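Next up: some structures, all given as structure tokens.
One chain, chain A, links the two complexes that follow: it is found with chain B in the first and with chain C in the second.
Now for the complex of A and B:
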């Protein structure tokens, strides 16, 4: 049994110009000890997927129309509000992208980390204060006793992101969802945070969902990758297969668009056009308007996510042949 | 080398007065040749944007000089400044904020021609607008639309078209693709490369994405806390940098190749960026540098040529020392 299993999830939002389907039947599973990257560009549905798992889809205007999210065998979508809140934070934790917005500016950071224990009624061995100091030490904050009494604005961006990570791992959750945790950071600070996340995943057997648009970070951290486009998963593969032998034309297009810092390439090969308007998605395959392989069938039938090899799937009528 | 198109000498831009002004740009010198692309990299707060704004005369220089095509930028005013603006144009980061939402595209594009009579006669505005739109990959009918009707990538194309209306010789690109998704970013990067070839444009390309900078630049300049700490041909800067900060920066960039995971030497810098109002004495990087010795606190290292790599200039007392991290 998978640790977390998302099936056929559909999430929509009411907007002034009509109903937007942010997720159109998303299915994936996460095993213990694995890092699954959700890779996609703006509007592909990565963050909405995280929100749905954490029960953070604002309703209204948003709604989970159908689907299932099973965690450790239990269906999350039919739990009561209280039962769900108990799980979120303690067994499933979220690391937000914008630590400055996610931390409360008027409380010291130590108090905010300790809140995790208070709210979930946990009494760590040695007391809450010791637990907080230990956590700050573990995430590499020097002088933790003093720093615990300081406020978020007294920390740099990278340190604030570490504090978010400390809060997320405080109760040793089974699932950690990291929503673009390094996107707003400078490259040297990003490297520190990626290293910290890599250390955390080695320490326990939690599963991690890593949401990002950065192929480089995926290559550093992920075991498996689910590529998202316009509210659907279009390909899943282990990280080596994806980078060496992608099957979906969109995945291949993304890889060819990415310049590299370690070589000189002649010319980038971009994906033509831009992401479709979510209010007017193309019929059939949403990628077909930008796809070099599209044919008549692509406009008529939505390609299902089908097995294309051991442990890998692609949603394409004309997938790229194995390398 | 021919006369450089842009020659910057000892340029500084300080904010605030009194004993401890913030030295955002501090004694910076460099050149850009005709048709050359110079990449400028560095992390938040290093002074990239202040340098760009000073060069564009969107803010005054505290001291020093910047000469574009024989004209002193820092002292230009009135008519001279007006002419200068023809020669240097800018592509901003955010295509949502840099285009006036109330102006139709044809007016957005032709506005510079109205300000510079003689550039293009009014009778030819429509024709030239269409030509420009097509040269950036847009279509003639786009001239009658408003910016809100375009996607982010298309808006950045509009921003580029507008920057080219007066046929500048220097294009300053301040994080031109940072707001775009990877697939669209590649389109704009290729567009800039093509325009540069066709028009023999010189570019100052500022970005924090090092892979993009490597792709578009001929030479690269690395800034740290208001100073240029290393500059040279892009192959040297990316493959064999001599400054410890550049080495750390390059080692931190994640490579999109999972096979390299764990095999690359990563230099993790200690601590945070010091305050530019109170920079460390001597070498500004010394507080985070693993090679630092007492000389680094006493003497500020100047940019000096490395014999091993032609064209590479490094500001480090220990650049030649093989003390590994």
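Now for the complex of A and C:
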């Protein structure tokens, strides 16, 4: 049984100009000890997926129309609000993209980490204060006793993101969702934060969902990749297979549009056009208007996510043939 | 807040106070000659001149100014013409009444506004929110003299459960407090609602929910403290206004506060009372501003002055 299993998830939002379907039947699963990367452009539904798992979809205007999210055998969508809250933080934790906005500006960071224990009534050995100091030490914050009393604005961007991470791992959750944790950081700091996340994943058997649009980070951290486009998962594969042998034309386009050091290719090929307007998605396959392989069928039938090899799936009528 | 910062503030306040008192000195003398008011119409010129000499009003204005400034520096505010007692003694009897009246009204308004504003923000767009909106708009717009007169008419004249005016036990405070309460309450509800909606949509509130915090904790621990700042600013402003007296409300209810004392002092050309009142109110406003700054820094670490 998978640790976390999302099936046919559909999430929509009411907007002034009509109903937007942010997720159109997203399915994936996460095993213990695995890092799954959710890869896609902005607007593809990566963050909404995280929000749906954490019960953070604002309602109204948002609503989960159908689907299922099973965690450790239990269906989350039928639980009460407070039961969902009790799981959040303790067993499923979220790391936000912009730590400056995500930390509360008026409380010391030590207080904010300690709050994890307080909310969930945990009493760590040696006391909460010691647990906080230990966490800060573990994530590489020098002079932790003094720093714990300081406020978010007194830290650098990288340090703030480390504190977000410390908060997320404080109660040793089973699932850690990292929503673009490195996007707002300088490149050198990005590498440090990725290293920290890599250390954390080696330490326990938690599953990690890593949301990103950065192929470099995917290559470094992920075991498996789910590529998202316009609210759907269009391809899942293990990370080596995706880089060597992508089946969906969109995955292939993504790979060709980013610089790589492992090929001789020195020309970057952008994907033509731009991400579709979520209010007016193309009929059939949402990618067909930008796809070099599209044919008549693509406009009529939405391609289902089908198995195309051991442990890998693609949603395409005319997948790229194996290399 | 460091000591040097406080000294700097105090120095600026002293400068402002000097300018204020000098203008008060000239302005109060524009109200007219007290001698004409206090002596009978048929008093002889000699009697008028004698009173002017006794009050020191016969000397040149500049000489009076220097003399008066010297007295103030030695904290001597002169004798009240009307009360025939040291002016500052009279002022210090009225000031606590005004401060208590304002503090009670503001404390009630602030507390009620936090509760109502937060409830409206949590239910933004719903019927509770709309109800609170109508109520607070009405409270913020109703003129206090009208509210005072209607209160007297209803509770004192028709129902005969509250006194029309005067001063005594707690019952004399009910109508004045209610009248002063309305406008700050209405204004503050609107402000708390707005800043609370903003705070509830902030990313750090999402973080709190992601950490597993339930609604009460999210609203009152995480959002509210961030939403308090604008309300504190406005309350500080209102407190400074109220320190100058409940104005019309004190007059309507014959409430012996600094506002009524000041207005009577002007009508009676009691220069010493007017000047002493202005001085006392200015000092209170300075203290209120310092307190608001300290409160601000204790709520939001980002504005702390090193």
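Convention: the second predicted complex is superposed on the first by the 316 of 323 C-alpha atoms of A that agree within 3 Å, B and C clash if a C-alpha of one lies under 4 Å from a C-alpha of the other, contacts with A are read in each partner's own complex, and residues count from 1 in each chain.
The definition used in the following text is that a contact is a pair of C-beta atoms (placed from the backbone, for glycine too) under 8 Å apart; a residue touches a chain by one contact, two chains touch by 3 or more.
Nothing here was measured: the structure is a model prediction, and the numbers come from that model.
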| item | value |
| --- | --- |
| Which superposed partner A:255 touches (first chain B, second chain C, both, neither) | first |
| Dominant toucher of chain A (residue count), chain B or chain C | B |
| Partner chain(s) touched by A:93 [first = chain B, second = chain C, both, neither] | second |
| Chain B versus chain C as contact partner of A:243, first or second or both or neither | first |
| Touching partner for A:212 - first (chain B), second (chain C), both, neither | neither |
| Partner chain in contact with A:42 - chain B first, chain C second, else both or neither | first |
| Which of chain B and chain C A:105 touches, first, second, both or neither | second |
| Residues of chain A contacting chain B in one complex and chain C in the other | none |
| Residues of chain C touching chain A in the complex | 202-204, 206-214, 217, 222, 225-226, 299-302 |
| Complex interface listing, chain B residues touching chain A | 43-44, 151-154, 181-187, 189-190, 193, 208, 210-212, 214-215, 234-235, 238-239, 248-261, 266, 268-269, 272-273 |
| Chain A residues touching chain B - in the complex, by the definition given at the top | 41-42, 156-159, 186-192, 194-195, 213-220, 222, 239-240, 243, 253-262, 264-265, 267-272, 274-275, 290 |
| Chain C partner contacts - residues on chain A that touch it in the complex | 54-56, 82, 85-90, 93-94, 96, 98, 101-108, 115-116, 119-120, 151, 153, 167 |
